[in-house]
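The next block holds one structure in the form of structure tokens; read it before the comments.
Naming follows writing order (A, B, C and D), and every chain is counted from residue 1.
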Amino acid sequence: MTTHYLVLSALLFAIGGVGVLLRRNAIVVFMCVELMLNACNLAFVTFARQHGNLDGQLIAFFVMVVAAAEVVIGLAIIVMIFRTRRSASVDNANLLKY
Amino acid sequence: MQSPAEIVSHAGGVTGVSWLMIALPLFGAAVLLLGGRRTNAWGHFFGVAMSLGAFAVAVVTFVELLGLQPEQRRRDIGLFEFIPGMVDLGMLIDPLSISFALLITGVGSLIHIYSVGYMSHDRDRRRFFAYLNLFVAAMLLLVLSDNYIGLFIGWEGVGLASYLLIGFWQHKPSAATAAQKAFIVNRVGDFGLLIGIFTIWTTFGSLAFADLTHEVAGQASEGTLTAIGLLLLLGACGKSAQLPLQSWLLDAMEGPTPVSALIHAATMVTAGVYLVVRSGAFFEAAPTAQLVVTIVGVATLLAGAIIGCAKDDIKKGLAGSTMSQIGYMMLGAGLGPAGYAFAIGHLITHGFFKANMFLGAGSVMHAMNDEVDMRRYGALFPVMKITAVTFIVGYLAIIGFPLLSGYYTKEGIIETAMHHNQILGWLAVLGAGLTGFYMSRMVFMTFFGKKRWADDAHPHESPAVMTWPLIILAIGSIGLGAFLVLGNRFMNFLSPAVGLPQPADMPEPHVFGVGTAALATLALVAAGAAFAWFRYGAAEVPAVAPRASFLTTFARRDLYGDALNEALLMRPGQWLTRIAVFFDNRGVDGLVNGLAAGIGGTSGRLRRVQTGFVRSYALSILFGAAAVVGALLYVGNI
Amino acid sequence: MGETITFWVLAVVSVAAALGLVFSRKAVYSALMLGVVMLSLAVLYAVQDAPFLAAVQIIVYTGAVMMLFLFVLMLVGVDSADSLVETIRGQRFWAIVAGLGFGLLLALAVGNVAFSPAAGMGRAVSGRDGNVPALAEEIFTRHVFAFEVTSALLITAALGAMVLAHRERVRPKATQRDLARTRFAGPQPSPLPGPGTYALHNAIDMPALLPDGTVAVTSINRVLARHEMEEGYAPTDPEKAALIKQVLEKDAARDAAPVEGDKPIQVKDALQDEGELRDEGEPQAGTTSRKENAPQEEDGK
Amino acid sequence: MPWLSILMAVPVLGAVGVALLPKGSDKLAKQLALAVSLVVLALTVAMAVQFSPDGNRFQFEEKYAWIPSFGVHYGVAVDGIALVLIALSAVLVPIVILASWHDAEGATRLDLKSEVVPPKRSAKTYFALLLVLEAMMIGVFAATDIFLFYVFFEAMLIPMYFMIGSYGGVQRSYAAVKFLLYSLFGGLLMLVAVIALYVVAEKDTFMFPELIGAIQDPTTQKWLFAGFFIAFAIKAPLWPFHTWLPDAAAQAPAGAAVLLVGVLDKVGTYGMLRFCLELFPEASKFFTPLVIVLSVVGIVYGAIVAIGQTDMKRLIAYTSISHFGFIAMGVFAMTQNAQSGATLYMVNHGFSTGALFLLAGFLIYRRGSARIADYGGVQSVAPLLAGAFLIAGLSGLSLPGLSSFVSEFMVLIGTYERYAVPAIIGATGVILAAVYILWMYKRTMNGPTAEAVKGFTDLDGREKWVVAPLIAVIIALGFFPKPVLDVINPAVDQTLTNAQVTDKQPVSTVAEKKGAGQ
């Protein structure tokens, strides 16, 4: 069963990655990142069960905490950009280039 | 073959201070050059005084030398250590060098006196005398030095002096070009001499004449000796305007006439002969080298004569004849000890009568306000008696009129050459005939025939200061030949310096000193003179040069010597320079700048990668991640 | 046996939801899709005997974080659907290649590892009566330092968000006296009149009528007008429709002017904005214009 | 008496003094700079007098630990070769200061259409830079600690960069940057080699005397040699690395160009002679054919390109490339004559090319353009200037009786002893030299006076004081090189013994007799 979980987690992670690359709306990109994080959590929990010790779950817990902090900051930035830029598209913020 | 005497170091007496001979003119040149405007008034007299001073020292040294026993007559005066461990500069007073010194200072002083008159109207007269003094000093250093480096310093010093004097009227572009050409062609000759000196140093470990005796020279291999001989010959050709480096002599006539007389007749051009005679040890041990010397001599002899026949410019004609006479001397020098005495004898007598004729030509030009074309002369005899008479004496001497100085020395060379090698002998006789023709042509065109003067010319005799040197030189060209050659007096005098020939090499003495070769020469000379009389004496000489046959244009264009140099050296040289400059700017520099531009270009393109879109960066991150995982996988399971 | 069934069901659901998240046009739909994924994962955690995590996942992660997303979505404009046309050349193709490549590689890696049967959480949890106390003991003994660090992290995150979202007040808060003075200095000192006794509607999207029966331009609500215009329901009365269209064009012209946001905000502009907002003020009759009802701190070009 | 440290300190203090002068006082700055340089000259002469040629090799030695952990010392000492080169710089600098009295003010004073561009910085800084440069020049020749040598080797570039960059001609920045990058590139290679030397030698010191013969294994020697040699080949421009010199010399003001070509480039050949030969004998022997070929190519190539130049200063720069070919050939011919000839050549070249550059500078100061075509018939207008130019030119084509001939003769005869063909090809350089010098002289000085040249004034008092000493030295060394050679020869013997080379003996018996007699 473990490989199934891991394959699922890999698949979700890949979809998340593709989502980050394809979508232009900052919030959707952000959600895809959350998706990738959840995929990792799944892998952690699977390994916790596989190895029979709590470390996996512990790590997953901490990942959630970090993810929360990240979301807070990310969204604040998105709001700020939206406020000045009137659009949340990721491609608009492209002044930092050659 | 009795080899030259041992060189003995000397101190005391006037010989001890004979370095004054060089020092005085050098001091004169320095004072006149540095003095500037202040020395204008008395500058030329000072120059003449310095030259006369050198002449005086030379005479006293000569007398002191005569006082010694013949074997003692090679005195070496050490001066100072020039390059530690290699060469110490010093002076060698021996019969050969003192005879040269006498010629240089003697004729030199006369020419100094003559120049006082000739250059009286020139505002740079002071500078002219400075350069003349510099020349005399350099020439004396050349002949009096006791080693090859001193000789080389004198050699190039003389080249510099001739550059300065040819280009004296430097505002004339033709004079500047002629001067530059003379110096560069001389430099080619000096290149040969330089390599020769290197070879001598590497083979013998010393450059002093005292060490390079005949026995020492014998030890080196034949090949090296021939190489040294040929290299020295290349140097000699450069300086004495022998083929193939003769093109500069005719252009050198751009300089004032006293310069032509002193440098391009009497002294500098004979430096080559001096070098060949002084390096006798090498040439005698390398017969092939001697043969080449004689061939070069004869070739130049004929070339000079042919050029002489076609030149209308009196100075260029005389220059052609100088070239041919030096060809004789080179031929004599190439015959070994047998020919040395006659070669140097002819050199001295030639110094007198050629200088006499050049100065004569100078006074003619002076009178005809610097007209040089003989076709504008004619019937000058009644107007300029002294110049004419002295010129004719010189003319008779040069064509070898019996009993005059030219006859003895030139006959000596021709007979030794005939004895040595028939072909060379007869070619020399042919040359003598040609000399008879072109010299007679020159005399008849200038002094006899109809008056072909330009309308504003009203010739008058030159002032005394110019005519007296002519007279002295004329007297010299009458008696000197006989004095030197009769009773082998000059050969015995020179023997300590250059050694005596085997009796076998000497041609047997004839009845009344007139051999078959001598008779043939006299006949040819007479024929030449007669033919010249018919063409130029009696007949009407056109004022403008008529269209000429192939042979005459060939001669007028100096046997296309210049055209040859131009085609072989000048054109490819310029072409090579342009390519080198192009290669340097585009090639090497292009490479460097190209490298810089390349780096700039790539960085410009790389800059484009940063598109500013977050998503393209994310894409590259993902690719990176994929690569890492792939690598881990690859590493993991190999 | 139950586990495999739940796994396969949830796996399919979560993958479908994930794809939905990525490819849905509207942001809100993708938010909901993400919620579905998270919930299915929570169940998977529970199945893999990690009950505490499942609870946290549902309560904290899905409950709080997802809601934050929705909240921001609301702020940013729920309807801001973005077209799926790709702007960067070759981005779509390469993204898919990279994503699939990456996924395949991981799957390959995971695939060829032979796992022994899962040891299960029995032993780890045995001595400590249950998952949560075991986890608590684990956290508060070995990882207490990490725990404290994460708390610090959370605090800084909160602080950061506040700092980022905060707009410095450059001028003193407008007191009531200022408001009164600006209102009276402005073109419309008196408040806009109410719909009036004879008014047929007091709905917000219905413009007010002036005593002579014509439509009061200032009472047209621009947001709604634009919304209707975009959705295509023009008001039946042609004259009102014309008026609304004319107001919208004026607005569009003003909007078309380069949005100040593009160029970095100069301090002078910000101040000028502040002033212009207050002075110009455009008092509305009874209806609230978009500008006025937005909270003081939210308005900003 | 720590002579060398004083010699380095005085110019630096002078430079600080000059720099601190109030803004407008350029005249005072010049006088002070001149005074300081004359003091340095006096000190050098005093030192040189006390130098005993047959004493031990390194004299006036000072050694203090600078970075003890790396074994880096402030090691300064002087042997024959270094003393002569320090004397050269000490003599050249006052002359250059005197010559560039007006150089630093740019073209404002010229009404003619001039290519000279007004400088970016004040004249005061120019003279301060000059003095700093002098200090570094003395430092680089005096350093016996290889690390210290490297430091000075790189530090020298900075003042020269500013002098070219701020006071040069039209393309000064291009030339300055090219010069700097070229030398820095070389310097970096050398740094790698210096560090590698320190590490491989395991002697825990950078002192040169102790490192002689420290590296035995031939391959490491070859690599280290390459590192050092490329840096020195770029510095003294050998053939492929030379393109920076014409640009830098043409764009630099005349005074800076003199020091650039006269002294800075000598560091390259001095480095070859001192470091390459003595530290890596086998590698030097291994690379000798390559270097000889490069230098011969440099001689002929430099001369030919010089003939084709239209700009006076570029022409003089190319001639010095040809001269550097001679020096490098002399150094690597590894015979007594060749190497002392090469060292003497470094000194003579400094004076003759220095004189040429300064006189070209005077011409450019009068006419404003460096193109040869803009001149003609200067001799009839300014005979003294033309005469000095002729003497400088003649020393350039190494006319016997002038200083360059002695050294060129020794280099050629030394090389001929070991390698005949390169010497012969090198000797053709003598003919080419005559062509490019005389042709330039004819085009600028002889012939009818060109329009623009009519207004030329002859050498004034100051310029006479610049030209006179140079010509005096050229003629004096030409006739009596013995004193200088006596100082150089022992140092060269030492170099040859360290480079494990014995002179080739001539073929025949005369040498024995002469040798025995000596």
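Quick notes on this one:
Simple rule for what comes next: a residue touches a chain if its C-beta (ideal position, glycine included) is under 8 Å from a C-beta of that chain, and two chains touch if they have at least 3 such contacts.
Chains and their UniProt names: A = NADH-quinone oxidoreductase subunit K; B = NADH-quinone oxidoreductase subunit L; C = NADH-quinone oxidoreductase subunit J; D = NADH-quinone oxidoreductase subunit M.
Quick caveat: nothing in here was measured; it's all calculated off a predicted structure.
Here the chain at the heart of the structure, going by C-alpha means, is D.
Rounded to whole angstrom units, the spacing between the C-alpha centres of subunit B and subunit D is 36. Annotation: 68 Å between the Cα-based centres of subunit A and subunit D.
If each chain is reduced to the centroid of its CA atoms, subunit C and subunit D end up 75 Å from each other. With centres taken as mean Cα positions, subunit C sits 17 Å from subunit A. Of all residues in subunit C, those touching 2 or more other chains are 88, 91, 95, 98-99, 102, 106, listed in ascending order.
For subunit A, residues that reach two or more other chains under the stated contact definition are 17, 21-22, 24, 91.
By the document's touch criterion, interfaces exist between A-B, A-C, B-C, B-D. Against subunit C, in their complex, subunit A makes its touches with residues 1-8, 10-19, 21-25, 27-28, 30-32, 34-35, 38, 41-42, 45-46, 48-55, 57-58, 60-62, 64-73, 75-80, 82-89, 91.
Of all residues in subunit B, only 33, 80-86, 149, 152-153, 155-157, 160, 163, 167, 170-173, 175-177, 180, 183-184, 187-188, 190-191, 194-195, 197-199, 201-206, 211-212, 216, 219-220, 224, 573, 576-578, 580-581, 584, 588-589, 592 touch subunit D in the complex they form.
Residue ranges of subunit C in contact with subunit A, taken from their complex: 3-4, 7, 11, 14-15, 18-19, 21-22, 27, 30-31, 34, 37-38, 41, 44-45, 48-50, 52-53, 56-57, 60-61, 64-65, 68-69, 72-73, 75-76, 80, 82, 86-88, 91-92, 95-96, 98-100, 102-103, 106-107, 110-111, 113, 115, 118-125, 131, 134-135, 138-139, 143, 146, 150, 153-154, 156-158, 160-161, 164-165, 259, 261-262, 265, 298, 300-301. By the touch rule above, subunit C contacts subunit B in their complex via residues 88, 91, 94-95, 98-99, 101-102, 105-106, 108-109, 112. Note for the complex: subunit B touches subunit C at residues 611, 613, 615-616, 619, 622-623, 625-626, 629-630, 632-633, 637.
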